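Two complexes are shown next, each including subunit A; its partner changes from subunit B in the first to subunit C in the second.
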Partner chain A sequence: MITPRKRMRRPPSTLGAFVTKELHHILRDRQTLAILLLMPLVQVLLFGYALRTDIRDLRVAVVDPTPDVATQRLRTRLAATARFRLVTVSPTTKVLPELFQRRTADVAIVLPTSFASTLGRGDTAQVLLVTDASDPNTGTTMQVYVRSVLADFERELEGARPRAGAPIIGIASRMRFNPTLESANLFVPGLIALVLTLVSALMTAISLSREKELGTLEVLLVSPLRPWQIIVGKVVPYLVLGFAITCLVLTAARIAFHVPLRGSVTLLLAESVLFTIVSLSLGVLVAARTSSQRAAMLGALVGTMMPTALLSGMIFPITSMPGWLQPVTRIVPARWFIVIARGIMLKGIGIEYLWRETAVLAGMALLLLVAATRSFHAHLD
Partner chain B sequence: MTGSARGDRSIEVDGLTRRFGTFTAVDAISFDVAQGEVFGFLGANGAGKTTAIRMLIGLLAPTAGSARVAGYDVATQAEMVKRNIGYMSQRFSLYEDLTVRENITLYGGIYGLSDEAIEKRTAELVDRLDLRDDVDTRVKSIPLGWKQKLAFSVAVLHDPKVVFLDEPTGGVDPITRRQFWELIYTTAAAGTTVFVTTHYMDEAEYCDRVSIMVDGRIVALGTPSELKAQYEARTIDDVFVRLARAGNAA
Partner chain C sequence: MRILRFLLRKEYLQIFRDRFMVAQMLLLPVIQLAILANAATFEVKGARLVVVDEDRTTSSRGLIDRFVASRRFQLAPAPVSTRGADEAMLRRQAGAILRIPIAFERDLVRTRAAQVQLVLNAEDGAAAGVMLGYAQRIVADYADELGATLPGASLAMATVRAGQPTLDVRTRGWYNPELDYRFYMVPGILVQLVTMVGTFLTALNIVREKELGTLEQLNVTPITRGQFIAAKLIPLWSLGLLGLAIGLAVARFAFHVPIRGSVLLVFGTASVYLLAALSVGLLVSTMVETQQQAMFVTFFIVLVYLLMSGLFTPVRSMPTWAQWIAQANPTMHYMEIMRGIMLRGAGLREIAHHLAVLAVCAVAVFTLSVRQYAKRAV
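== the complex of A and B ==
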C-alpha cells in the first residue's frame, strides 16, 4: 500500500509534459494518423452508398388487366418520373414471382380492373404495391417513392372528384421476403460508435502496450507520476482525436448524405465524449491485462470492436436477436450510445428522454475507469 | 526509524525478501550504501537482481524485511522514494520518435522542473554530451552510445539523491562505456549515489563497492580489492565466476 505521509503540490506541467509527449507521438506517426482520419471518411462513404436511402433507377412492373385512359395516365406518369424505369406492363400477376426472382423488377404496381370507371364513379380504386424487400431498407424507401407518385396522381384527379369523403385510391401494400421492416438511415450513429471505439479503445490499448513493450512505461512508473496521471495523459489526446473525428463524421455525413441532426449538437458531442471515456477505459483495461502490442490489439478488437459492430444494434437489430443474446447486449456500451445518438440525430429528442441511457453510460465510465486504474496498477509487477 | 535519511546512508536494506508463490526470488538481503558511493550490484541472470531493484525503486512490494531509499521506506513511502530517485532501465528509456530536446523537456516536466530550469539543463546537458547539433534530432537517428549517455543524463536531470542504473551499458563499445563511466563518476562526485547493475566485470572494478548475488542471496560484499583478496582472485570476474559456479552447484 502506498500511503504518502506528505503530499507535495506538483506543478501542472507534470501532466502537461506527459500529454504533450503523447500528442507528439500521435502527430509524428503520420501513417496511423492518416488512417485514423481518413478511415472514418471512407467508412461514411462506403456505408452511405451501401445503405443508400435514395434509390435511382427503380425498376417498376405494372400489372394492368384492363388498360384504359386512367391507367394510361398513371403509366405515363410513372415513366416520366426520373427515378423510375418501367420495365414491363403485363395484364396478369402471374408474371410477378418470376420478375422478382430474376430481379428484373424492384416493385410492382397491380392496378384493379376498370380503373377509369371506378375512379369515374367516385369509388375507391384498390391498388396493390408489391415490393422486393429482401433488403428491408431499400424496400421501404421504394414503397415510399411509389406511394408519393400515386399521391401526386391522386391530387391530379382531385378536381374531377364527384364524391367527397372516400379516398380516391386505396393502396394496399405487401413487402415480399421480409414482412417485418426495420427502419433505415441509422448507419451514422452506429458508425460514430464504431469509429470512436476504434480510436479510443484500440489506439489506447496499442499505445499503452507499446510503452509496456518498450520499457518506457517502467520508467514512467518509477517517476513521481501516479498511475492515474499516466492513464489520463495517455487518454486525453485520444479523447481530443475522437472528438475531432466525431465532428468529421457528422460533417461528412451531412454534406454527402444529408443525414439529419435534429437535436442538440452540444448534447450529441457531450454524449460522444462520455462514450469515448468508456471506450478509453476499456482500452486501458485491455492494455493492462495483456503483455504485448499484438495481444492488446487482438484483445481490443475482440473485446470492443466486435461487440460494437455486432451486438450494439448498429447493423443487426437487437429485437431480432435470439432471446438469450438480447440481455447480453446490455453490457455493450455502444448499444446505449447508439440509442442516444439515434434519438438526438433522427428524432431530435433531448436529455429528458435519454437520461436513462446516459446514466448507464456514465455508470459504465465510472466503473471502468476505477477498474482500469486498479488493473493498471496491479498488472505491472 | 522514521523521518529523514540517517546521516550519510542513501540506501539501507534490512532482510529484504520477495517471494513469488513458493519461489523466493530475493532471500533476506541486507546492505547499506553511503551517499555519493558507486555501488555495483552484480549477479547472474535469474539471481534476483531485477526483483531486488524493483523493490528498491518502489515498483514491487517486499514480502518481508525493509528498505529505505533516500531516507524513505520503499513499502510505505513509495511516492517519496520515486520523487528522490532516478532510474535508467536496461531497456532503452527514451522515446525514439521524440527529439533530444523533447525527451529532456518531458522528463524535466514529469519531475516538476520549471520551464526555465528545463531550458538551462538542456543547454548544459547538450553541451556536456556534445549534442548541440542534434538537439532537435529525433532520438532514433542518433548513435546508441549517445542515446545511452543521454538516457543517463535524463535520469539524473532532476538531481536525484540516488540513481538506479539497470545494465546501462549493454551493447555499446568500450570507448563509449568508458565515457559513460566518466559521467557516472561526475554524478557521484556531485553527491548522487549510483546503484548500478552490470554484466561487464571490468566495470565492476570501477565501483567503490560491489555485492554479488547468487540465488537470491548476497554472497559477497566489499570493495573490489577486498573481494579479490578474500577470494585470492586476480579480477572481479574470477571472483564472480567462482561464486556463481558454487551457487549453481549447490
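== the complex of A and C ==
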C-alpha cells in the first residue's frame, strides 16, 4: 500500500498506474472479454449469412373450380417456375383461411370458372391473387413475383398480339456504391457503431457505477488523483479495447464477405476513435446520473444502445421515418458515424466530403466531455 | 408458505423501492413502441430525386411530374449536368438520379419504346430496392397513360383491344390489406419487450444478491432453494406480464394496432414464454459472478435469440441451417404465436404446434436452470 502511494506523488505516473489498474480489471474478467470479442464475430456471421430478406421458396395454392386446358397450363407453368412450389390445388376458396393460418401457403391464386372458354373467346378473365400480407414487405414482393408469372402467361396466350397501344418505357437502373445490394456491405458500418457503443458507453457506465456502488470510488476521491485523471484512467482502456474490436470486425468482414474498403483506412480508424470518445463520455454521464449498477445499465441501454440500433439508419433508413422523428435522429451520434463509415467504405470519399459529419461528432465529443467532467465533479461534492 | 409470503413481500418491496427502475420499466414499453413502431419501416417517402432532363419535352416533363406527384420522391434543386448530379449523390443530397436522354419523346412516338436511366444510392440498402420498385410503378403507369395521349396512339389501341384475351389480376393482402408495417412490427416489439424484461431483470436481480453477499446469507437460512427461486421468479414474472399489458394497451389505443385474437390467449402464452425467459435469466445468474458479466452474457443471448426469431427478417428467407437453429429458438415460436393471435386472429388450435414447442422449451430450460442453481449453491 505504501509503495504505490509514493509513486503516486508524481502526476504523470499516477495516471499511468491508474490506467494499468483499469486495464487489469478488464483483462482479468475473461468472461466479459470473451463475449466482447465473440459477439461482434457472431453478429458478422448472422448478419452476413442468416439474416436475408429475399424470398427463395414461395408456396402457392391454386383455387381452380373448373379445371380445364388453360388452368392446367397455368398450373404447370407455376410449378415449373424455380421460385414457386405448388402446395395444393383446391376447387373452393374455403380451404384458404386454414392454409394461411397454418402458414402452409404464402399466396393463393383464385381462378374463375370456365377459364379456358373465357380466354378462347378473347374476353378478360378475372384472377384474384391473395397473399398473406401480415408482413407487408414480403407480401408485396410475393405479389410482384406472381404477377410477373401471370404476365408471361398472358403474353403466351393464343391470339395475343404485342401490345402496341401503350408505349414501353424501360428503366436502366443502377445501384450505386453497392450494385448487388449485398447486405454485409450495409451492416458492417452499423455493426462497428453498435459494438463501439456497447464497449464504450455500456462498459464505462457499468464499471464506474460499480465503483460507486462498492464504495471504491470514494477511495479514489481521496487519492491524489484529480477528477479528470479518474475519468481519463477509466476511459483510456476502453478506447484501446474499442479500437481493437473495430480492427477485428473490419478484418473478419473483409475475409468472410469481402466488404469493400474503398477509402482511407487511417481516416476510418481515426473517425471511430472520435466516435468512441463520444460514446465513452455518454457512458460517464450515465454513470454520474444514476445511483446503482442496474439503473446505469438500463440507462445506458435505453439512452445509447437503443438509439444506436434503431435511430441511426443502421437497419432502417432514416428517410423512411416519419417527419417528426427524422430531426430526433440528429442527436444520435451513431447516425453521423454511420454516414462517415459508409462514405469511406462504400463510396471511397475522403474528409473533403465528410467534414460536416466529423465536425458534428467532434462538437458532440467536446460538449459531452465537458458535461461528463462537470457532473462527475458535482458527484464528488 | 409463510416463508414464501415474506420473501415475496421483500422482493416486491425491493423492486418497487427503486423508483428509477420502476419508471424505466413502465416507460420502456411506451418509448420503445413509439420509436420502433414509427422507425422500423422500409417504406420510403420523399426521397430526394435529382433529375437530369436532357430531352426537355412535354413527355419528359410529364414523367418528372408523375414522380413528384407520387410523393414518394421530391425534387432536389436541379443540377444541370450529369457531373453535378454525381456530386450531389456523393454529398448525400440526392437519393436517386433520373436521367432522361435526348430523343426520349421522339423515340416514344417513332418506335413506341424509350429508356430512362435511374441511378440509386444503394448506401441505404433496403431503401434503394424500395425506391426502384416505386419508380418502376410510376414509369409503367405513365407509359399506360401516354398510350392514350401520344400521337397515333388511339388508333393502335383500338385495333389491339378487340378480341385479345387478357387477364385482369386483382390482388388482396389478407390480414393487413393496407400493408401497414406497424401492424407487423408491434407484436414483434412486444415479444422483444417480454424477452428483455424476463431475462435481464432475473439475471441482474439474482447476481446482485450474489455480488452484495446477501445470497450467502440467504443460503444459511432455513429457506429452501425452491422457495428462493419461487420468490425470485414470481415477482419478475408478474412484472413481465404487467409490461406486456402496458405495451398492449399502448399498441391498441395509441397506435390502433388490431388484436384480432383472444387477449386471454395472449397472456396465457406469454406466461409460458416468460417461464422460458426467466429460466434463461436464472441460468445466466448461475454462470456469472458480477452484474457486469450478467449484463453482457444476457445481452449476447437475447440478441442472438431476437435476431434468429424473425423479428426483422423472415425466418423463411434464412438458409436451411439457420432455419433449423431457429426451430429450436423459443423466441421464434413466441413471435409466431403473437403475430398469429394479433394479426391473423389465430385461436388455440392454430398455434397449438408452436405452443407445444414453447412449453417443452420452457420446462426444459427451467429444469436445467434449477438443477444448475442447486449445484452452484451447495
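Assume the second predicted complex is superposed on the first by the 233 of 381 C-alpha atoms of A that agree within 3 Å, B and C clash if a C-alpha of one lies under 4 Å from a C-alpha of the other, contacts with A are read in each partner's own complex, and residues count from 1 in each chain.
The rule is short, and it goes like this: a contact is a pair of C-beta atoms (placed from the backbone, for glycine too) under 8 Å apart; a residue touches a chain by one contact, two chains touch by 3 or more.
Nothing here was measured: the structure is a model prediction, and the numbers come from that model.
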{"item": "Partner chain in contact with A:223 - subunit B first, subunit C second, else both or neither", "value": "first"}
{"item": "Touched partner set for A:346, first subunit B, second subunit C, both or neither", "value": "second"}
{"item": "Subunit B versus subunit C as contact partner of A:29, first or second or both or neither", "value": "both"}
{"item": "First, second, both or neither for A:122, with subunit B first and subunit C second", "value": "second"}
{"item": "Which of subunit B and subunit C A:202 touches, first, second, both or neither", "value": "second"}
{"item": "First (subunit B), second (subunit C), both or neither touched by A:355", "value": "neither"}
{"item": "Dominant contact partner of subunit A by residue count, subunit C or subunit B", "value": "C"}
{"item": "Residues of subunit A that lie at the interface with subunit B and also at the interface with subunit C", "value": "29"}
{"item": "Of all residues in subunit C, those that touch subunit A in their complex", "value": "18, 20-21, 24, 28, 31-32, 35-36, 38-47, 63, 89-92, 95, 108, 112-130, 132-133, 135-136, 139-140, 142-144, 146-147, 150, 153, 156-157, 159-177, 179-181, 183-184, 204, 208, 288, 290-293, 295-297, 299-300, 303-304, 307-308, 312-314, 316-319, 322, 336, 339-340, 343-344, 346, 350"}
{"item": "Parts of subunit A lying in touch with subunit B, wherever the complex brings them together", "value": "1-6, 8, 10-11, 13-14, 16-18, 20-21, 24-25, 28-29, 214-216, 218-226, 380-381"}
{"item": "Complex interface listing, subunit B residues touching subunit A", "value": "54, 57-60, 76-80, 82-83, 85, 87-95, 97-98, 102, 105-112, 114-115, 164"}
{"item": "Subunit C contact footprint on subunit A (complex, rising order)", "value": "29, 31-32, 35-36, 38-39, 42-43, 46-47, 49-57, 100-103, 118-140, 143-144, 147, 150-151, 153-154, 157-161, 163-179, 181, 183, 185-186, 198, 202-203, 206-207, 210, 290-295, 297-299, 302, 306, 310-311, 313, 315-317, 319-322, 325, 339, 342-343, 346-347, 349, 353"}
